[in-house]
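Structures for review follow.
Two complexes come next, and they have one chain in common, chain A, joined by chain B in the first and chain C in the second.
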Partner chain A sequence: MTETKTKFHFSRKLLAIPYALFLAAFVVIPLLIVVYYAFTDDAGKFTWEYVRVFFNESGEGLLGFFQSYNFKTIMRSLFISTMSTIICLLIAYPVAYIIAHCKLKNKSTLLLLFIVPMWVNFVLRINALKELFVWLGIYNKSEAWNIVNTIIGMVYDFLPFMILPIYTTIIKIDKSYLEAAKDLGATPAKAFLKVTLPLSKSGIVSGVSMVFLPSMTNYVVSNYLTFRNVKIIGKLIDDYFTGDLWHDGSFIALILLLFMFLVTWLTGGFEADEQTNARGTSLW
Partner chain B sequence: MNPIKKLFPFALITCIALNALPMGACNVSGTENVLRVASWDEYICEGGEDSYVGEDSRPLYEEFETWYEATYGKEITVEYIPLQDNETMYNKIKMGDSYDILCPSEYMCMKLAEEGYLQKLPASFFDTGNENNYYAKYVSSYIDGVFKGEAMDLSDGSSLSEYVAGYMWGSTGFVFNPETVDREDVKSWNVFLNEDYSRRISAKDNVRDSYFVGLGMYYEDYLLGEKEKYESGTLSKEAYKHELFTKMNDTSSMSDVQKLLEKMRGNLYGLETDEGKLDIITGRFDISYQWSGDAVYTLDMGEDEEMRDEPLYLEYCIPESASNLWFDGWVLMKDSKNVDAATAFINFLSMPENVVRNMYYIGYTSCIGGDEVFAYLEETYGADEEETDTAEYDLSYFFGEGHTLTTYSDQIHRQLFAQYPDEETIDRLVVMQYFDKETNTRANRMWNNIK
Partner chain C sequence: MKKTSALDNSSKIIELVDVCKEFDGVSVVENMNFYVRKGEFITFLGPSGCGKTTTLRMIAGFDMPTSGKILLNGKDITALPPNLRPVNTVFQKYALFPHLNVYENVAFGLKQKRVETTYVDKKGNTKTKLEKLPAHVIAEKVKKALEIVDLSGFEKRSISTLSGGQQQRIAIARAIVNEPEILLLDEPLGALDLKMRKEMQLELKAMHRRLGITFIYVTHDQEEALTMSDTIVVMADGAIQQIGTPESIYNEPKNTFVADFIGESNIFSGVMPKDGEVRFCGKKFECLDSGFEKDEPVDVVVRPEDVKIKSVEDGILKGKVTSVIFKGIHYQILVQCGRYEIEIQSTTAPEVGDTVGLVIKPNGIHVMKKEFRVNKFTGVITKRNTVEFGDGEFECDVTQLYPGSHLDEEGYLITAKGEKLDLTDVEVNVEVDLHDITMSDNEGEGGAQGHIISLIYKSEYYRYIVRTENEEDYVLACEDLWNENDLVSLIIPKDKIRLTLKPAEGGKQ
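And now, the complex of A and B:
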């Protein structure tokens, strides 16, 4: 009788346990540590010091912040990641669209062409790109070129992350919608704007967040491609950490987190889109 | 031949991620016959075909196991753990990792000693009467003198020399291309502000080296004046050295230094930790601020036929007013249970034949003197008998009276000078103190707002 009671019932919910543990160990706990470090001093007492230092580095109050080094670094990071995201999107959408709609039997082969570069070690690829810039004579040529080179590097590095989610959403769009649009008299352009584009929105959103956020922090790209002449927010955090200034670094990491939430919120990442969920297209 | 003392921030992040977790593994040196050695990558002769004694040789830490058993009749296994940089080492120790013996740089030795992580070397270690005390017998009197100087004083009244046995040492200075750069210009720290070299010079991406550069620029005129006084005899050697030491360790003029560093930043090609060595050879810039060990490596590479079609004969120069004397030394951790084996390990590495092997393999300069090391220098830098363009290079400050090397005259500005600066230059080298918590915070915030 007791046997039946203790019998192990396997349910699908149990499959979530490993992921939940992973999430707790590598996302939730580290985040809490970052928050803790940002607002406590070495003795573990609550302090606003790191907030004050960050916003008042020049000693001229909040107005001085807008001329400060930290502010410039944040603005530079935002500019680089915004440009990288836009360029990625402009390249990735047509590519994903063409692959999804091409008549080839094996589309995944085409897709592979864009993914294969990712198999090569990323530092190696960035170094190769650096040599290319040197050869073209645009390596560390001026401040403006350094920004341009960083953006090229980010686009090169993160393009597949934009293509993949967009491709998966477009390929799942029911062809009959487009046929219906055609039957009702829509031009191909109109059908694209009214049907394909709105239905692939979830892919765009996940692509954007997968490019925008990493390109604010991936300082390996900016370090290698500009001889450390372009500093982005990820490098700023790292500099404080290597200098044994964990509290300062943690507070800047919180600022970065704020941007993350902002981007997710603006792109509607918090809204549960039932229709797309049912289709499984928000996988990416 | 990977350089040490490098900041590998990317690797550090990983370590941080691992160490930040409270459940991070704690390695405790509990077992008595395992010697845990924390040092740097490729910072000991690993044997094989790149070694001085041929391809059949084993790494020195493995040979130590055999030697230790033969000499002391006890078994020991060495665990050689290469770490990325001083900061990684510090963080690991702070998080509870435990080793028997470490090889940090001078400032980290001081910091660890001040924070109570280290134990003093036993008195028996310094007994020159014991034939197995190779360190005490062979350490260069110059290094010994540096260790006994005021730079090594700790806040509790003891001296760092009671804790540390020197391993490798060197200076910092400029590697430059003599075809495009005037040697007189790189004798001055202010070459960093010299607009003739705008975007043709690289500096180090770390706070300590940068701050030192800033002090060098700030106090250059003053220290040159003191040097003149010293040379004319109106200032005693002690007073001059004290002046050098206090000025180049000044932390109160940070805001003035900051202004100079800001100006310097605009004049640079860029900052680097490792890339500078290659890029000066490919000619991307003409002057690079380097540690002497890396400088030797860079100079060697410039001559390497595989690197360039035409050899590039770079030179090394140490600024006229003052420069940095750095060293990496062996220290014992407080909770080490293998003090005997650990001190034997230092002695084993201080045996002149092993010193030669290490110097050949690593390319850095050992703190150990001795005739065998000098013979190795003669073999490496000594001029052939029929050679006419030679110079006498006096190394008696390091190896004792009567050690003068007949070398090719260009070596006076090249590898030999980088490995062993002449006595006059040596006088101007200053050991940089570690930053205490408050200074470290100020210095990092200052530097992070510049670069």
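And now, the complex of A and C:
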């Protein structure tokens, strides 16, 4: 039997179309443009020039690269975002844990106390923090202080993004798991390490990726808090683009992208989550 | 309500003394007193919300009693945290750790264990220290535990790939691998289908025999309790109703609740004219019970299988068959004898509409003391000459307090001698008969309102217990069928409220 007319069936998959279009227009195509610019010259011809410039600008090979301005900026960025992430995690986990386990009926109010700062304009907050640093006399005091101040700013700015996912996973953990652990002889500390912590891993992972990656690029924080003396990778890209060096900028953007993939891979973000994917339906 | 036992105290493995538990001021378990003997299979049986799981959780250490003591082998463990109790639990929903595989789940308890080892140090002193169990010992024990539950070779499997029944077995293996003194099981078979459940019942029973440890089992399934237990503790409303062997609980229920909850039963209201004789359904029956007052009102329990169908001439009771339902091994037959409906189980069935005679042998009749003969409250007379009691306010006749008295126009009581009395705030005893209270759907129609918390069919009427918001109970009889948890308004006619003055020296009580 040949079908002459295909009937239009509305399925749930169709609901994904707007997002797919959005994804194509604002993520996939721009990304391809970035790749295009990274590997072409002004005439639009393919070239390795910008790869060479990035890794071997001084002509001294990799040794020169390790001493280059670009490399130092990337390392500084990595250090700042790693520290920010660790400090955020150290603060956020206990906070999320305590809120999730407290006996108060209105836990969301307590959680709100940590979220409310997000409602104040971000530039305002950072400016206020700057004034605080000035008052304390640590603003632009030395290179080390500038790094510290940047980290404080990042932690201040991104803490809620760490608390929320961790809180959500902890609150979802069935109490009976903890009871079972204690029943089997685990001390409260052991029960936490062996049950609560592993079961809240997914919250930690999404918290880490929501803090680590933005804190590599959010140069508003570093600019405001260090009198533009601390450069991070985001600022580097900005400098190239504002300086009309689109090809160099695009290549560094690719390097950043590489880091993002690396972090996502390291934290297991690509692993298919058995539970969420249980229905087995994919977009296409 | 202690269990009578010939065994001495030394065999008590766990004992609860006056244990009470409240959650947010609401009492869940009240004055629990009982003990469990070593090696016993004991079951807490009761409807949901009766406090059985709370009791189990207190033994496990997850909940602390509000008052009272829990003794393990004679030692007070009330304040001991769960990880230090030699007790393991099989949870209702298994609570297997989803991030660990079967082996890691079962080994979890063993990995926490520390054994005392003695060794001789360099100076020649013998010292003891706590050591972890060596890996090969753990592996061996896990293997054995998995063999016991029939799941050898499942070590590497992840929990989410197991069926409900397999998860159930792993949960049991995870508990018994620690060789606990007591194994607690909280409705462990609730999530399984009927056939699986029956199989697991027998397996658990066999496991109990093989392991020789004490099992404390919680269930709301009376058949499960009867099948598996050495001893059953029947609970309702946070209190123990009866403790005994399955046979004694089935054959000699202590009250109507137990009779109704365990198995099918006909419950009648009757009187005991003398020992060995009981009147109910308008007829005299021989029975084996004795020790009641002359003409004491009693409840009579007759199991459906103890009612025999005879020809009309041979029967003590006569009635018409109203329904016959085939149940597999027997027929369930309903016979209407005048006002009384009697349920019978028999392997042969009469036709619907037949008139039959019924006989009940003396050993098929079980006589119990009536729990509720009258509702008793303490009340207070208000300004309007109404009476407040049992979380409500009712109109009443206050002149019954003083014979020959009457009320004047202002509402003062004039006694027979002509004295003028103000009764406001006078405390009185209030009595209302079961049959004098009626229920209504209309809020505010009666003097008090509450939810029906219990109903028991007594062959000619239903006996209801209605509980008000502040936990005052009214017991009443009604021929109509209402549902449990219905919100009802309670109506008591003015002339049915009996008032008596409280003795003056009685104080506030």
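In this text, the second predicted complex is superposed on the first by the 265 of 284 C-alpha atoms of A that agree within 3 Å, B and C clash if a C-alpha of one lies under 4 Å from a C-alpha of the other, contacts with A are read in each partner's own complex, and residues count from 1 in each chain.
The rule is short, and it goes like this: a residue touches a chain if its C-beta (ideal position, glycine included) is under 8 Å from a C-beta of that chain, and two chains touch if they have at least 3 such contacts.
Computed from a predicted structure; not experimentally measured.
Engineer: Tell me which partner A:254 touches in the superposition: chain B (first), chain C (second), both or neither.
Structural biologist: Neither: A:254 stays clear of chain B and chain C.
Engineer: Is A:163 in contact with chain B, with chain C, with both, or with neither (first, second, both, neither)?
Structural biologist: A:163 sits against neither chain B nor chain C.
Engineer: Should A:183 be classified as contacting the first partner (chain B), the second (chain C), both, or neither?
Structural biologist: It touches chain C, and chain B stays clear.
Engineer: Could you let me know whether more residues of chain A are touched by chain B or by chain C?
Structural biologist: B
Engineer: Name the contact category of A:245: first (chain B only), second (chain C only), both, or neither.
Structural biologist: A:245: touches chain B, not chain C.
Engineer: Have a look at where A:199 lands relative to chain B and chain C in the superposition and call it first, second, both or neither.
Structural biologist: In the superposed model, A:199 contacts chain C only, not chain B.
Engineer: Who does A:174 touch here: chain B (first), chain C (second), both, or neither?
Structural biologist: Once the two structures are laid over each other on A, A:174 reaches chain C alone.
Engineer: Once the two structures are superposed, pull the chain A residues common to the chain B and chain C interfaces.
Structural biologist: Of chain A, no residue contacts chain B in one complex and chain C in the other.
Engineer: Of all residues in chain B, which touch chain A in the complex?
Structural biologist: On the chain B side, the touching residues are 7, 9-10, 12-13, 16-17, 20-21, 87, 90, 202, 205-207, 269-272, 275, 279, 284, 437, 440-441, 443-445, 447-451.
Engineer: Spell out the part of chain A that touches chain C in their complex, as residue ranges.
Structural biologist: It is residues 174, 176-177, 179-188, 190-191, 194-195, 198-199, 201, 274-275 of chain A that touch chain C.
Engineer: Residue numbers of chain A touching chain B in their complex, please.
Structural biologist: Of all residues in chain A, those touching chain B are 25, 29-30, 33, 42, 53, 57, 68-70, 134, 140, 220, 226-229, 231, 236, 238-245, 248.
Engineer: Which residues, counting only chain C, touch chain A once they are in their complex?
Structural biologist: Within the complex, chain C contacts chain A at residues 60-62, 81-84, 87-89, 91-93, 95-99, 108-109, 112-113, 160, 174-175, 178.
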